[in-house]
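For reference, chains read A, B, C, D and E in written order, and residue numbers begin at 1 within each chain.
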Amino acid sequence: MRNIIPILTVVGLLILVWYGAAIALNAQWARDVAARADKTLTFSELVADTWSQEKPKLPAPHQVGAELWETTVMKKVTSKRSLVYHTWVTFSATFLGFVMGTALGTLLAVGIVFNRTMDMSVMPWVIASQTIPILAIAPMIIVVLNAVGLSGLLPKAIISMYLSFFPVVVGMVKGLRSPDQMQLDQMRTWHASGMQTFWKLRLPSSMPYFFTSLKVGVAASLVGAIVGEMPTGAVAGLGARLLAGSYYGQTVQIWSALIMAAALAAVMVGLIGLVQRVTLKRMGMAQ
Amino acid sequence: ADDLTLQLKWVTQAQFAGYYVAKDKGFYEEEGLDVTIKPGGPDIAPVQVLLGGGADVMVDWLPSALAAREKGAPIVNIAQPFAKSGLMLTCLKEHGIESPEDFPGNTLGTWFFGNEIPLMSWMGKLGYATDGSEGGVTIQKINFNVDPLLQKQVECATTMTYNEYWQVIDAGLTPEDLVVFKYEDEGISTLEDGLYTTEENLEDPEMVDKLARFVRASMKGWKYAEENVEEAAEIVLENDQTGAQTEKHQTRMMGEIAKLTKGSDGRLDEAAFDRSAAITMEGGMITKEPEGAWTHDITDKALQ
Amino acid sequence: MIWVLFAIAAWLLGLSVNIWLARQKPSGWASLASPIVFGLTLIAVWEGVVRGFDINQVLLPAPSVIAARFATSLDILWIDFVQTVIKGALSGYIIGCGAAFVIALAIDRFPFLQRGLLPVGNFVAALPIIGMAPIMVMWFGFGWQSKAAIVVVMVFFPMLVNTVQGLQASDAMQRDLMRTYAAGYWRTLLKLRLPAAMPFVFNGLKIGTTLALIGAIVAEFFGSPVLGMGFRISTSVGQLALDLVWAEIVVAAIAGSAFYGIMALIEGRVTFWHPSQRT
Amino acid sequence: MQENQSVISARNLDLTFQTNDGPIHALKDVNLEINKGDFVSFIGPSGCGKTTFLRVMADLEQPTGGEVTINGVSPEEARRARAYGYVFQAAGLYPWRTIGGNIRLPLEIMGIPKAEQAERVKRVLDLVELSGFEKKFPWQLSGGMQQRASIARALSFDADILLMDEPFGALDEIVRDHLNEQLLKLWARTEKTIAFVTHSIPEAVYLSTKIVVMSPRPGRITDVIESPLPRERPLEIRETPEFLEIAHRVREGLRAGHGDD
Amino acid sequence: MQENQSVISARNLDLTFQTNDGPIHALKDVNLEINKGDFVSFIGPSGCGKTTFLRVMADLEQPTGGEVTINGVSPEEARRARAYGYVFQAAGLYPWRTIGGNIRLPLEIMGIPKAEQAERVKRVLDLVELSGFEKKFPWQLSGGMQQRASIARALSFDADILLMDEPFGALDEIVRDHLNEQLLKLWARTEKTIAFVTHSIPEAVYLSTKIVVMSPRPGRITDVIESPLPRERPLEIRETPEFLEIAHRVREGLRAGHGDD
């Protein structure tokens, strides 16, 4: 709870900057409107206007706040107009994709650490796969999956997995290789099998890397889920809200979806941080 | 009932009201069809969905359909519910643009994905270069919204009569602040929102029968929507899963859409097709005159 | 059918060559050959499948078609590469990683920020690119600057998290030693904590390379001048010129791998002492 | 007990490390026979290759020349057969496991039943006088306690060969004497073969049946001293003239090795 | 030289560690005066709190009771004034630096000019007999060599107080004798004050002016033995009756401490 004051301070500062930026970015429009009506604005009128436009370049915090209130608290959570509903849709895909991505990433890392063939031949292609712009092939993935009868949550989760497995691979390869020579030598003297070395030595030593990867991975998952919502017709989810908002120039709506997505990410990253602290503490690695 | 999937070209909105009305009012059911409507979006190429087996019929614009056909996608127009084009170029009056003569030196924003073609051929006709050189115009790719126009990143922007134009108005500008050039009026319009299927489907008599029933029911939906603008908008709204559309906007859009579908019974107008194909070719999007890109078989059957 | 058999044969051949390669003594030669063999295998299988199952090229063009297109479009590919990779991705990568590094140091230095900024950092840095892109275009215009801005946001978080974690990676005795020298914060940072953090920092830098590239390309989908890899990809998808799309993807893959490879090389130089580099 | 059955045998052993600034010749032309039931101490100046030699026997280092056999087979096969227990020069406990957990580790790996594990952990903890610290983490122990924990770990599974690299270096005389006695008892009772690195001449003489003196750069064996002391050795034996005589000889050997340098 | 000037003084020192399964009382009611120029050895069973006591003096651990002053000021201020050099029980070399680089580390931190750095590194490497290994990395050295490198590191900057935690534990007798002599010379020449943890009774007696015997759980001082030996000490002094007499007393003190257990 001692975190509250620092967080509030930082958030307070951010909001202040935000209000300032809103004036700067929205002033042009306010002046144009006034000019068309043959008026000139005093400074206070200008400020009032920049904080209350219907389609501002940057909506003021209270506008976003009001929209968030409107679309979360004031709507039934099952309603399509409820942001809670859309957040849930995105979260399901994110979570599934994250779980699959973590599993795939860990498996690949294990393969790479234990098998020289995989280390030498697969890693470069894993990297190359990540440079393929996901938005470009997402539609093809969806089409292909559709053709084999997969639709709904899974295609989105797969795209989300595609983005999240990479940080896990990179982090885990390093983590699984972090035991030092003596620790490995001990395992050798006991003639531990590969599996035992993995479970009893490599995996525990990789924990700091593992959790760091998870944090990055879950954020990537969310991006993936949102990207994945577009070629599936962008019918529901935060991505769909973002897109729809963008088609109709609803900046307030875009920002509230953005804030919601960021909050979702922050909560997930925070949860992983919590698990990390508890786990490392129980492992005696943090004091 | 027979299953059939329709892939739209864009997100759920009144632009596709006919199909939603036909579904909600049970017109498809009456024809013994169970129709699934898949919304589109900026990253969906309906042709890929169609060829990939994700849909049986799709909505597409003629230039992009012709281009796809030339690229080796065997797709065929089976019906044309839209008789007129809703494309136009909207400029802010304050930039001093009153007629096409005033274009040079300005930046014109357009959507790409094939939507730039009519604009390019128009500029070609006017004799303007499009690379921003002296005496020509600059073409800027913009997204599917009107922000660049409002924020003066471009002087003119592509809009649809039924959608983006009204967003400009909603943003607080009045029609007097704007100058619009309708493609229909400039003689450069191409056919929009037609129904397409694959050649393979057309070889299967059972499928042909299904499609005919589909087109018949869809046109019934369209005509119902034209008559009952408010109810149609309501139905669209109910089918929008993003929850982002507003009643006001959809009702207004339905009104505008009705103007475009009014002249059509679903049958493709050959003259309009030829004109569209010619413009598409001038724009360089296709190189040969298209052959077999449309058929009246389905509409003939449907309209019996 | 012949092509399908060809695909199966290519796969078996590639697999056995690679297993053989892996059994050889490690050398620069083998570690280069093996991904190439893997890639060639993949390409051969792809060619065989596309031809064997007669897949429409509007859905998936064959590698031979893509290669042909690549060869004839070098000029376009080059200007797109410069626009997207050099101007957009690289500048954003440098700014983003740099900013994350500095902020990680600040977070590490001041416990107040650690408690205040880190949670907020988690929050801001996870902003989805699709939401950010249109806004950045609105703020920074259609040019590469808005792309760089997106890349900054994309690479920021992995770099931040890794650096913060890395700065905690030195062990207690190593820190005690510094205390006995009465080394101040900065000296401890420079001589102990930064070197010890490097394995983590390079994880962040490596993950950032591919993110920067994806970011720059995808950002162009949301507004760009009429050039750039993202622009080309999105317009070509619209025109169903999938061969050009894949040619661009090939460029992206090569650029990304090279970028990653360079970082991995530097990593090897800097963290030679880490157990992961010594096996 | 069958005497003179060779357990460890090294022939013309050679080992060179390649480093960034040139090769280091760590072992040169090393020949040695260790028989079943022998207690062999290795003694020699710091850096002479004692650890390296032990590591070669344990299949942790590959010789660049010559040959080693353990129980008649290669070190690798011996390792796979879990023929030996190894005490490293540094404790090397896993920080995420308690002391008990660390000692249990090889038992888990070798698939010993849970109940027996607990029983063995208790026994070896008693042996090294660490009962009561089972639940502590390594960083909560003093240096000497960590070293004892690592000895306990190597003793917990009953290998026939023990390879011990300066196991008692960080212990005070009393604990050291106690552990020396315990080790001799264990050795006498179980007929293990023990290879033992130490820097303490009295310790080497007190424990061993054979003392191997090494000299550095390149590391080689300069003297092998067979101890005439009886197998039964009370602590007082350290004051006998035979004992002092052997100690003297070892010291001379060491000094000679140093002189070379 | 001004005798009897107190350099380190501990009064009623108490230290309890809180651990997951209850507190450990590591130091209890410890009182000690160390004067300028003293060479004080700490000896006691493993786990009795020697390291902990040294760490308190070095401001690496906070006592839970009592007080320590170094040169009249708090350990923290002394640390900030770089009043002491510390040799840890484990070598703790930084893996990303060569041996030379590790020794140079404190010199860099203390802002000593480049040229002098090189000269000092050379000198201390010679002192610990590691010349020629300057460019090697820690993992390329034997255990004893690493320990010597860490001693060299603590000697490289000329602190007036040396805190040394079992610095010679992993060294053979010959090197140990050599380093003992070197350390005595250095001490005589520079009048440093040295606190020295060891397990070797002869080493403690040979080096010290004062021997502190500790006993464990809770760690406390059971005996402080002032050595009557002259400051000038040839190695042969270890055979004199005075020497053996002191050694005997230390051994008795140790044994008593163990008995408590």
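The criterion applied here is as follows: a contact is a pair of C-beta atoms (placed from the backbone, for glycine too) under 8 Å apart; a residue touches a chain by one contact, two chains touch by 3 or more.
Per UniProt, the chains are A, C = NitT/TauT family transport system permease protein; D, E = NitT/TauT family transport system ATP-binding protein.
None of the values given here were measured: they were computed from a predicted structure.
Any chain touching chain B that also touches chain E appears here: C.
Looking at the partners of chain A and chain C together, the chains they share are B. Across the two interfaces under comparison, A-B and C-E, the one joined by more C-beta contacts turns out to be A-B. Set against the Cα centre of chain E, the chain with the most distant centre is B. Between the CA-based centres of chain B and chain D the separation comes to 84 Å, rounded to the whole angstrom. If each chain is reduced to the centroid of its CA atoms, chain A and chain D end up 54 Å from each other. In terms of their C-alpha centroids, the spacing between chain B and chain C amounts to 38 Å.
Counting partner chains per residue, chain A has residues 57, 135, 139-140, 143, 181, 230, 243, 246 touching two or more of them. The set of chain C residues that touch two or more partner chains comprises 59, 134, 138, 221, 234, 237, 274, 278. Residues of chain B in contact with at least two other chains: 42-43, 45, 48, 52, 143, 145, 147, 151. Pairwise, the chains that touch each other are A-B, A-C, A-D, B-C, C-E, D-E. Across the interface of their complex, chain E is touched by residues 17, 19-21, 24, 43-47, 50-52, 89-90, 135-137, 140-145, 148, 165-166, 169-176, 199-201, 251, 254-255, 258 of chain D.
Of all residues in chain A, those touching chain D in their complex are 182-183, 185-193, 196, 200-201, 204-205, 207, 283-285.
Per the touch definition, chain B reaches chain A in the complex via residues 11-12, 38-45, 48-49, 52-54, 143-147, 150-152, 167, 170-173, 177, 240-245, 249. The residues of chain D lying in touch with chain A in their complex are 55, 58-60, 79-82, 84-86, 88, 90, 92, 94-98, 105-106, 108-110, 137, 139, 157. Listing the residues of chain C that touch chain A in their complex gives 18-19, 21-22, 26, 30-31, 34-35, 37-39, 42, 59-60, 112-117, 119-120, 122-132, 134-135, 138-139, 157-158, 161-162, 165, 169, 199-200, 203, 206-207, 210-211, 213-214, 217-218, 221, 229-230, 233-234, 237, 245, 249, 252-257, 260-261, 274-276, 278-279.
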